[in-house]
Amino acid sequence: MMHVYVLTTGGTIEKVYSEQTGEVRNRDSKIDRYLGRLRLPDTEVRVVPLMNIDSLNMTDADRAAILQTVTGLLPEKAAILITHGTDTMVETGLYLQSALPKFDIPIVLTGAMAPLGFEGSDALQNLTESLIALRLLSPGIYIVSHSQVFPIANVRKDRTLGRFVRIDQPSI
Amino acid sequence: MMHVYVLTTGGTIEKVYSEQTGEVRNRDSKIDRYLGRLRLPDTEVRVVPLMNIDSLNMTDADRAAILQTVTGLLPEKAAILITHGTDTMVETGLYLQSALPKFDIPIVLTGAMAPLGFEGSDALQNLTESLIALRLLSPGIYIVSHSQVFPIANVRKDRTLGRFVRIDQPSI
Amino acid sequence: MMHVYVLTTGGTIEKVYSEQTGEVRNRDSKIDRYLGRLRLPDTEVRVVPLMNIDSLNMTDADRAAILQTVTGLLPEKAAILITHGTDTMVETGLYLQSALPKFDIPIVLTGAMAPLGFEGSDALQNLTESLIALRLLSPGIYIVSHSQVFPIANVRKDRTLGRFVRIDQPSI
Amino acid sequence: MMHVYVLTTGGTIEKVYSEQTGEVRNRDSKIDRYLGRLRLPDTEVRVVPLMNIDSLNMTDADRAAILQTVTGLLPEKAAILITHGTDTMVETGLYLQSALPKFDIPIVLTGAMAPLGFEGSDALQNLTESLIALRLLSPGIYIVSHSQVFPIANVRKDRTLGRFVRIDQPSI
């Protein structure tokens, strides 16, 4: 049995449509409900909702909270999946890489360009990919999205293309 | 074979999620694509895209354009379905009722609280209901939504409930 | 508030895929779950599971059981929707029409060519149409399917077309 | 850009519901259509339909045809995904392992317990997982399903559980 912690922080992947305002925003975590649609007989997933914000609004204090949670979970030797807005996902990943003590688990960050449950969304695809990638990846921090796996030092978001692309050097 | 004109004007029912901006807005008509999911062997539907706007932004000129199109179609004796934002749907319906010459077809206005293709959306339900209601209704102007049929003189939108409710007298 | 009894008898509309046998068959009623996806703020639906069988296997005793249930419900003045396999739906409808005492409610029979939840299924469409048709129909027995409404005396299933078609005289 | 050949052989994953017979069977390949729902900006997928049969009916000649196709593709150095019925997937995988010349690509077999497009199906999940697993796996033959990765020598189908399970020695 594989053990995975899913730390949710918000981002597009968890946004919901508000019928009152017509806006799409972060409100309630819905990762759990969609994970329930996957067959995971050999994976024990524990979802830990940390925050539910647009990653453009993520503060240093928010990132420190993520770091603290990840650090606290390291002794459990479970894999860690962090769901996160795509706009500052790389920044959070690089911060974790610089601040975490030595670790021997894979940590994957993922998100989506369109929220879970919206037609044509990439959200469930990215969750599905991330969970199986955690089985196969060596220790380290990665972004998984659109059937690609990026070491955190070699990725940036391309806003025009609407996806992550590989780079040789960290951009920030 | 029943003949139906579907005049699209925008509103929530046709809104799409923009991956660039994270907003939900009117851009391309998608009624056609969803009508294609219904089995309509005895119904000939012709979609006429008139405009694609939030109904809160609908002007007198926009309503005059709808009136002109409906008036022009009356001689064809086909039923007419108008997709429309819910916020001013009643206003447009009452305007048509006051301005149209005598007519002998049913005219249904419908819309949605959540866009076509969003999880939990009422949009396809309302389209489905409207098409069959047009078969059964007497000449007149109605709003069809959530398995209810309202003569246009007896309906208002209840924003708190997020749906239409019956009233005895027109509210505007 | 409109009151509707939904009597379920099985048929394709309720069939489920068996992962053990690879067959599609009637097992558990799933009408309830799909009705829960519709917004019905002014409709009180009570589902009464009567049987769950392929309508080709429906016996005289089964039809008598349906008749008995419908007869018992007539005093409540609620509309009645009967979900049923398409192969013998007309037969059951004609039987009810001949055997029921005088009644003043609409009774609709509906079903599907593909089960609820299968891609491209017409099942939820037909349920949606039937519920709103019950609001608008005069007393009588009807089949509602694919945006069409057929008085029970004027309908037969066309197996080649995979749908119901209008006829002038009852075929059985 | 990653290159993947998808060899389709049928199995539950590709079965379709026949409205004429009420059976679920292999007819037209539908892998292409579902792959089109995934975002694969850095993956070039070529689908090669080999056969479309229930794997319980797969003959030695069928397996020889799969072997011949795989062998012919090896020089291209592209990863290979084989969609296959679950009942004899292990048998085909072991046969390929014994008969293939030395190769340096990952080969993944996958399938499903319920067909693509049926409610609650695991089919798209398994396709999604297989494609990203092919990026991460060392050369060898594997079954990927339900967020698990099994070397072909260490897997059998558990019919009672409705999934694959790990074993220490090949069972056949």
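Just so it is clear, A, B, C and D label the chains in written order, and each chain counts residues from 1 on its own.
Throughout what follows, contacts are C-beta pairs under 8 Å (C-beta built on N, C-alpha and C of every residue); 3 or more make two chains touch, one makes a residue touch a chain.
In this text, all values refer to a predicted model and were calculated from it rather than measured experimentally.
Asker: Keeping to the contact definition above, tell me which chains border both chain A and chain D.
Answerer: Chains in contact with chain A as well as chain D: not a single one.
Asker: Computing the C-alpha centre of each chain, which chain sits at the greatest distance from chain C?
Answerer: Result for max centroid distance from chain C is chain A.
Asker: At what distance in angstrom does the C-alpha mean of chain C lie from that of chain A?
Answerer: 46
Asker: When the centre of a chain is set as the mean of its C-alpha atoms, what distance in Å lies between chain A and chain B?
Answerer: Those two chain centres are 40 Å apart.
Asker: On a C-alpha centroid basis, what's the spacing between chain B and chain C, in Å?
Answerer: One centre to the other, that is 28 Å.
Asker: For chain D, write out the residues touching at least two other chains, lowest number first.
Answerer: Each of 113, 120 in chain D touches at least two other chains.
Asker: Check the chains against each other and report every pair that touches.
Answerer: A-B, A-D, B-C, C-D
Asker: Mind listing the chain B positions that touch chain A in their complex?
Answerer: 12, 15, 17, 19-20, 22-24, 54, 113-120, 159, 162
Asker: In their shared complex, at which residues does chain A touch chain D?
Answerer: 2, 37-43, 113, 120, 122, 125, 128-129, 131-133, 135-137, 144, 146-149, 161, 163
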